[in-house]
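Following: one structure in structure tokens, then a few remarks.
In this document, chain identifiers A, B, C and D correspond to the written order of the chains, with residue numbering beginning at 1 in each.
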Amino acid sequence: MNTLLQQAPSWGTTLWFIVAAVLLLAVVLGFVTYAIYFERKVIGWMQLRIGPNRVGPLGLLQTVADVAKLLLKEDIRPQHADKALFTLAPILAYAPAFAVLAVMPFSDSIRFADLGIGLLYYIALSGITVLGVITAGWASNNKYSLIGGLRSAAQMISYEVPLVMSVVGIVLLTGSMNLKDIVEAQRDVWNIVPQFIGFAVFIIAAQAELNRTPFDLPEAESELVGGYHVEYSGFRFAMFMLAEYVYMFGMGALITILFFGGWLPIHPSLDFIPGIVWFILKFSIYVFLQFWIRATMPRLRVDQLMSFAWKVLLPVALFNILLTAVVVSYQNGMF
Amino acid sequence: MSDEKRKPTPEEKAAAAAEARAKAEALRKLREQEAQASQEASQVEPSQEPQEEVSAPAAKPVSEMTPEEKAAAKKAAAAEAIAKAKAAKEAKEAAEAETPVAEQQSEAVATPAKPVSEMTPEEKAAAKKAAAAEALAKAKAAKEAKEAAETGADTVDSAPDADAKAKAAAAAKAKAAAAAAAKAKAAREAGGDESGDDDAKAKAAAAAKAKAAAAAAAKAKTAQATGDEAPAEEAPKAPSKNQPYLDKYVSRISEAFGQEVIEASYINELGKEVPTLTIQNERWYQVAQYLRDDEQLSFEYLSDLHGVDYEDRLEVYYHFYSYKNRQSLAVKVKTSREESKVASVMDLWHGANWNERETFDLLGIHFPGHKDLRRILLPDDWVGYPLRKDYVQYDEEV
Amino acid sequence: MNHNILTTHVDTSSETGLRTEEMLLNVGPQHPSTHGVFRLVVKIDGETIKEAIPVMGYLHRGTEKLAENLTYTQIIPYTDRMDYVSAMTNNYVLCHAVETMMGLEIPERAQFLRLIAMELNRVASHLVWWGTFLLDIGAMGPFLYAFRDRETILDLFNELCGARMTFNYMRVGGVKWDAPPGWIDKAKEFVQYMKKELNNYHQLVTGNEIFINRLIGIGKFDTKTALDYSLSGVMLRSTGVKWDLRKDEPYCIYDRFEFDVPTATEGDCMARYHLRMAEIEQSLRILEQALEQFPSEGEVMGKVPRVIRPPAGETYVRIESPRGEIGCYIASQGKDKPWRLKFRRPSFTNLQILPKLLQGENLSNMVAILGSIDIVLGEVDC
Amino acid sequence: MLGLAKGLGYTFKKLTEKKVTHFYPDVPFPMPPRFRGIQHFSPEKCIVCNQCARICPTECIQLTGKPHPDPEKKGKIIDTYDINFELCILCDLCTEVCPTEAIVMTNNFELAAYSRDELYKNLKWLDDNNTNVREEN
């Protein structure tokens, strides 16, 4: 891949890019399909049900059927909706979620762009998703959507700050924003140990960024019915759904890379297992945690959400930066 | 014999025990009473006539009689009741000539040892009188009744023997009473609109005349009878346990507003002996305020509020409760059907808000003073008030 | 609806110079958290509720009007459909009213069956409340756990009277069915199971910090307000009034059993949550005693005339339903059909305080407050 | 945090616990003997006393009788008998009053239909609905 990137653009290389992108998209879609399936299964098991079991063996084709249904549905747009924005919103939400995957190193060899500022790229792009959500909320011409959109804006912007702050510690430790370097730097010990405070803040903020329980206020179905996507149906709704899960994929990958040592094995002696297996394993644990939390937690209230971000998470993240800075300086012999 | 009454509070238990011991005496007293009553009745009889006409066909509830009426009625009835054994036979015949419903009634008469519980209170009381004499003679009946009483098993645990005895006596009376009760029913049906049968009517008319007075009298008696039968016999006028409260309310309100604001006051024997007042419509708001604010009344809780259509008038029924005094009070305010108006008590008890709206919605009673009086359950454009007896659904096409 | 709420306020003179506008939000009648077809028109400024107007009647079936043309026996199935979550208490209140008027005597065994049925139903009702309340708060797990355990109760009812929710079980003078063989043991088993399971519920939810923070201090009112608004049941007890009709005006055979009336003084959603949970415990306690003392034999139907004709007059009885004080008023003219039948529905009365509680609250609190009142729309609209 | 952890612990334990859902409709759902399902009607038992129609709180039962074909015998026999399951609330009162157990409950409860008209069940249908008939009535 690296060699391809460094070549001069030509028809051949462009074709390669497209094929690779489609491949990644297929992988991601496959993941989304089965993430939804497993989410339903896991939550079902936790709730003493058996989850989807009617379509295909063990219900494995349930999500496929759901997606097919969504794609075949009539495209409904509310009469007084803002036509252009209404169409644009799902794309705005989905595109960045997919674009952030470009910098993810899934293993030593499987990766795409190797940006020096991979982490920054991720954070910057993921911030765009919120635009899609606000646009959707506004363009639907629905009060629930609007409230959901605004909640989402407030929440995502607020939680982005502690999210970014919490990874600064890692950047300080590693001295690089390149995701590959960050993984390589964890050969001795995973970042979750020295950066535990950062990890705690990050995982909470990530949850809020993903709009998932207990921070699912923008779509709180018991309050706002469905929040920003209440007026969406058919494939547009599918785009939002996709964005949510792809974003979860991205966040899972990022956490694995930042805190769990990416494709590195638990112990060097287990090196014979391919890196990608380790990656998937660690990644799956995070995804399972998502489902688990969703089966257990109630939802926060909007004012508590904001004060939690600004009064708890941000100070803790800042303290973490300070602590890391002090430790790093000490190690470098500044004191 | 309501649910509550069956649970033996300590006092009741004691009373029951005492009664059992004094059973023989009680019965003797009863006989004396009857003799006395029959004497008195002959004096009061003339004044009794108009009343029975009122009470028989419309089945006028006791609730609407003044205490004096009640007393008079009782006396008259007592006398007549003695002569009723004979009338019972007649009534049976009348009943047989009636609709199937009536037939069922007479069937019921035939079943032995029919417990008191099946009879309406007034029948019970009436029956009791008639039965008293018979009961003494019927040793066998008493035995049967005893069994019945045991299955009923209410106060089994305390002094079972004495209790059972007392009950057996009561039941024996009740059994004989059944005959009289059936007669009462038959008579009332004949008087009422249920049976269209002219024949039956004619027959029943005779019975009804004799009967109605008795029924009315009996109603008065049920006041005591609801609790336990024996005390009723010992002291026929023993007031309800809530009588002092009623007296208190009446006197407090009369002191503040004068006698005339209370149109009627009585203990509702059918409704767990709740003191019930009928308040003058015009002064209702002031009285309501007083009910809530007065130290001794302090009815701070409005349990229920609703309206009833009695065809000649509308009534609003309030059920208050005082958590301070642990006492209930029912208040009724009457209003005309044409211009129904009852002052709103929404600003006194906020809980009246929706209840008044509901009453307005379904019965069309207006509550001047209510801040937001509009329909609550029905759509805003609904025509008519469904709970009124003359309501016909509005049909746009007609 | 000609109400002032329809005029929203546009604030152009704010200090920031920004033009803000109040918004009317129609919550319901199809909304996941209104527990049925209840509608709330709320005027919101941002997410703060300025005013809330409840609109109801979407489930109004005219039970009271229908009852005027039905015999008392025929009305009983209709009461099942009022508070469909706790139909046993509804059955009971009607039968109790008629029995009070007629002075009927209920056989011992029937009394026990009634009490057991009502208390089981109270547990079932509170379980439904617990599940749906947490669903409102955003946790979906508890709902399914609660419904699993409620299912056991419904199965018990199904065995007892052949229906899971619309029981039509009680009759004037007794109950329709005796307990089938083995039923009492099954009920005993359930009570023991539920006692243990209740701890799990607490483990799952009660200690949850998010949950606690969402409820503490929300929807608060004091005793005076509660009485003024005619609140009853848990709503009243959460303000410190120790008042339970089972204890204070005992009906059925409640005075034979030992149980406490849990009260709290905070008057907020959290207090109401704890009270309902404590009430499940107390109900189980009553059930334990009642099932132990259940008479081994006896009639389940008292001696009742073939045609039920309460004497002319009127009565008003009230009992403790899971939601509060349910009352039944009957005006009789001595016929086999009531002249006027009126139910005092606790959900309807308790709901009155909602607009007051919602004022100035956040939209998220709206569902918590509404949930904590515990309404059943079949009963509100009657 | 302890509360959150406890809750997570509880749900995790449930992950492997036995599931409580039924495999309905693959596996029929057994109903207890007293279950009130769709009525079964046996015309030969009916004496056309009209009690079921009269007790019905929703007035969903309609029946007509005809004179007994055997002129020797008195009384009537049933001619038509319809229950409108749009209205029927399966309250059990009709079976309760029936003196001859001509109308009884069954344990069948699947009534869903594509058209309202299908919910009108006539004598023949009710007669044929003779599986899982309830014993106690």
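Everything below uses one rule, namely that contacts are C-beta pairs under 8 Å (C-beta built on N, C-alpha and C of every residue); 3 or more make two chains touch, one makes a residue touch a chain.
In UniProt terms the chains read A = NADH-quinone oxidoreductase subunit H; B = NADH-quinone oxidoreductase subunit C; C = NADH-quinone oxidoreductase subunit D; D = NADH-quinone oxidoreductase subunit NuoI.
These numbers were taken from a predicted model, which means no experiment stands behind them.
J.: Quick one: which chain's Cα centre is the longest way from chain C's?
T.: A
J.: Cα centroid separation between chain B and chain C, in whole Å?
T.: Computed value for the inter-centroid distance: 30 Å.
J.: Please tell me the distance, in whole Å, between the geometric centres of chain A and chain D computed from their C-alpha atoms.
T.: The mean C-alpha positions of chain A and chain D differ by 53 Å.
J.: So what's the Cα centroid distance for chain A and chain B, whole Å?
T.: Chain A and chain B have C-alpha centres separated by 73 Å.
J.: Report the inter-centroid distance (CA atoms only) between chain B and chain D in whole Å.
T.: 40
J.: Please list all residues of chain C that touch 2 or more other chains.
T.: In chain C, residues 141, 145, 148, 204-205, 208, 210-211 touch at least two other chains, as defined above.
J.: List, in ascending order, every residue of chain D touching at least 2 other chains.
T.: Chain D, residues with two or more chain partners: 4, 7, 10-11, 14, 20.
J.: Multi-chain contacts in chain B: which residues touch at least two other chains?
T.: Touching at least two other chains: none.
J.: Touch graph across the chains, line, ring, star, complete or other?
T.: other
J.: Where do chains touch, given as pairs?
T.: Pairwise, the chains that meet the contact rule are A-C, A-D, B-C, C-D.
J.: Quick check: in the complex, which residue numbers of chain C touch chain A?
T.: That would be residues 23-26, 31-33, 47, 134-141, 144-145, 148, 204-205, 208, 210-211, 213-214, 362-367 of chain C.
J.: Spell out the residues on chain C that touch chain D in their complex, using ranges where they run on.
T.: 70-71, 73-78, 81, 141, 145, 148, 151, 155, 158-163, 166, 168, 176-177, 180, 200, 203-212
J.: For the complex, give me every residue of chain D touching chain C.
T.: For this pair, the touching residues of chain D are 1-4, 6-7, 9-11, 14, 20, 31-36, 55-57, 89-93, 96, 105, 134.
J.: Give every residue of chain D touching chain A within the complex, in rising order.
T.: Contact set of chain D toward chain A: 4, 7-8, 10-12, 14-21.
J.: Chain C touches which residues of chain A in the complex?
T.: Result: residues 43, 46-49, 143-144, 147, 151, 213-214, 216-217, 220-225, 294-304 of chain A touch chain C.
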